[in-house]
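I have placed the structure first, in the form of structure tokens, so that the comments after it can refer back to it.
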Amino acid sequence: MTELTIPSRKLTHDGVRRLIDAAVDKANELGVPVGIAIAGDGARIVGYLLMDGARPLAQESASAKAMTAASHRMPTHKIPYDVGMGLSVTTQGKVIPLRGGLPIVIDGHCVGGIGCGSGTGEEDEVIARAALAAIGAENPEA
Amino acid sequence: MTELTIPSRKLTHDGVRRLIDAAVDKANELGVPVGIAIAGDGARIVGYLLMDGARPLAQESASAKAMTAASHRMPTHKIPYDVGMGLSVTTQGKVIPLRGGLPIVIDGHCVGGIGCGSGTGEEDEVIARAALAAIGAENPEA
Amino acid sequence: MTELTIPSRKLTHDGVRRLIDAAVDKANELGVPVGIAIAGDGARIVGYLLMDGARPLAQESASAKAMTAASHRMPTHKIPYDVGMGLSVTTQGKVIPLRGGLPIVIDGHCVGGIGCGSGTGEEDEVIARAALAAIGAENPEA
Amino acid sequence: MTELTIPSRKLTHDGVRRLIDAAVDKANELGVPVGIAIAGDGARIVGYLLMDGARPLAQESASAKAMTAASHRMPTHKIPYDVGMGLSVTTQGKVIPLRGGLPIVIDGHCVGGIGCGSGTGEEDEVIARAALAAIGAENPEA
């Protein structure tokens, strides 16, 4: 007989705050203020913080990176640009093929994505990666 | 120490197909063709079928009812109209306070929502309720 | 004398379910979970299923591929990328020039389109093509 | 001579985190999980957290309440419903005339808005008010 439901894992709001706090610490260390977004179930945004001095429109880019990494379960910069831009228009910007988004994988479960925006793509990625390391999440492929 | 993740349950695609098939059976019995939408994690659409003869734009109303029931975890018609219309504009139509959407609760877990559209609100609700009963999901409050 | 109406053929909801079921079977055989969308008359979505493990945002890409194939009556990857992206912006993402969408042609009538998303473009196309073959629809040009 | 610029005050990201943390504490005390959004300069979202168990679509309602309170510099429920719904359609949902959003006024400067969603309007307001009190912001008119 077919199963109606299957077990899953969800990121807690405490986990979200710890990711955001760790990203802020790394961003402060680098002197690069960013917007930090976290996506959870169904690639919906569950957390966000815009740091002092970061670009106000980083909300949308960081959120898109978080949703993209959560849905694709891979770093955003691994998506080929042409494919990613096609998906971006179709999803009205929810998918973005730009560097700075990483999947959140804890104990083997992908429970969402983190996206940073306002730095260079490389800075955004370094900050996102540091946040994952701080909570003991898996380090995604480079 | 705070938990980073918590256990959850997800609706399977076999569960989705069984809900849709059961809704079709009830709709055929009533002679009321409808659009049937299922929302899952994060109130995202995971299944849809438009029956022969149903209104083509039912996709959007049925999907909104499914997302609303999944997010609010209550029947869509329990949302006061004025509040619901405010939420509807703000969510660009993802929330709708019209009858025909019910939460999907299995073994005590709300795993999504089902929404029907194209009949009267009462017919839509009867069909959604029959689909839930057919898979052994909880019968939501009237 | 001019005719006011002309005969047409429409895909039934049973046809939609058979296409989706056949796509699921092929996707399971390949071990590549996808979102599967079917567009019918007027390039409107008439069916959708997100498989367990597929990307949640595949709803939008699979639907766009299905609508594109139904409207253009050709495989989505035959649309030149630059033209397709122009159409994509204009149609707010309803047209997408990415691989994975095929027209549904039965007895010489194009009655819609099928679109798959979440795999690579090539995987998405193989699954869509298998679904068409399973119901005896025409095999679109490669 | 006319001045080209005037002094202003901005909410810091530390202020944002303290507001969110205080809202979480009050929501936990009440047993009412909510989404909490903070808007800053230009009525742009600068912080967000969705609590475990809150409605996923609360992101959009809480954010709209925060933007509305920040822009109007008054509690969201003081906006007449009919006027508010007109503004809501025009702003594509950024303004919402539903209870649960309050301006953030510190040392006489309105520096943004806080919006809560997922509870009843009254619960959302109580939680937002508690967050303002916790950081020593002004208590907006009832």
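The first chain written gets the first letter, and so on, giving A, B, C and D; residue counts start at 1 in each chain.
Basically, a residue touches a chain if its C-beta (ideal position, glycine included) is under 8 Å from a C-beta of that chain, and two chains touch if they have at least 3 such contacts.
If you're wondering where the values come from, they're calculated on a predicted model, not measured in any experiment.
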Subunit C and subunit B - chains in contact with each: A
Copies subunit D and subunit B - interface residue numbers shared by over half, same or different: different
Cα-centroid distance, subunit C relative to subunit D, in whole angstrom: 43
Intercentroid distance (Cα basis), subunit B paired with subunit A, Å: 29
Rounded Å distance between subunit A and subunit D, as computed from the means of their C-alpha atoms: 24
For subunit A, residues contacting two or more additional chains: 6, 10, 12, 40-44
Touch-based graph of the chains, sorted into line, ring, star, complete or other: other
Each pair of chains that touches, named by its two labels: A-B, A-C, A-D, B-C, B-D
Subunit A - residues contacting subunit B, complex: 2-12, 14-15, 18, 40-44, 106-107, 109, 111, 135-137
Complex contacts: residues of subunit A adjacent to subunit D: 10, 12-13, 16-17, 20-21, 24, 40-42, 44-52, 56-57, 59
Contacting residues of subunit C [partner subunit A, same complex]: 52, 55-58, 60-61, 64, 81, 84-85, 88-89, 92-94, 96-98, 121
In the complex, subunit B residues that touch subunit D: 6, 42-43, 67-68, 70-73, 82-83, 85-87, 89-92, 94-95
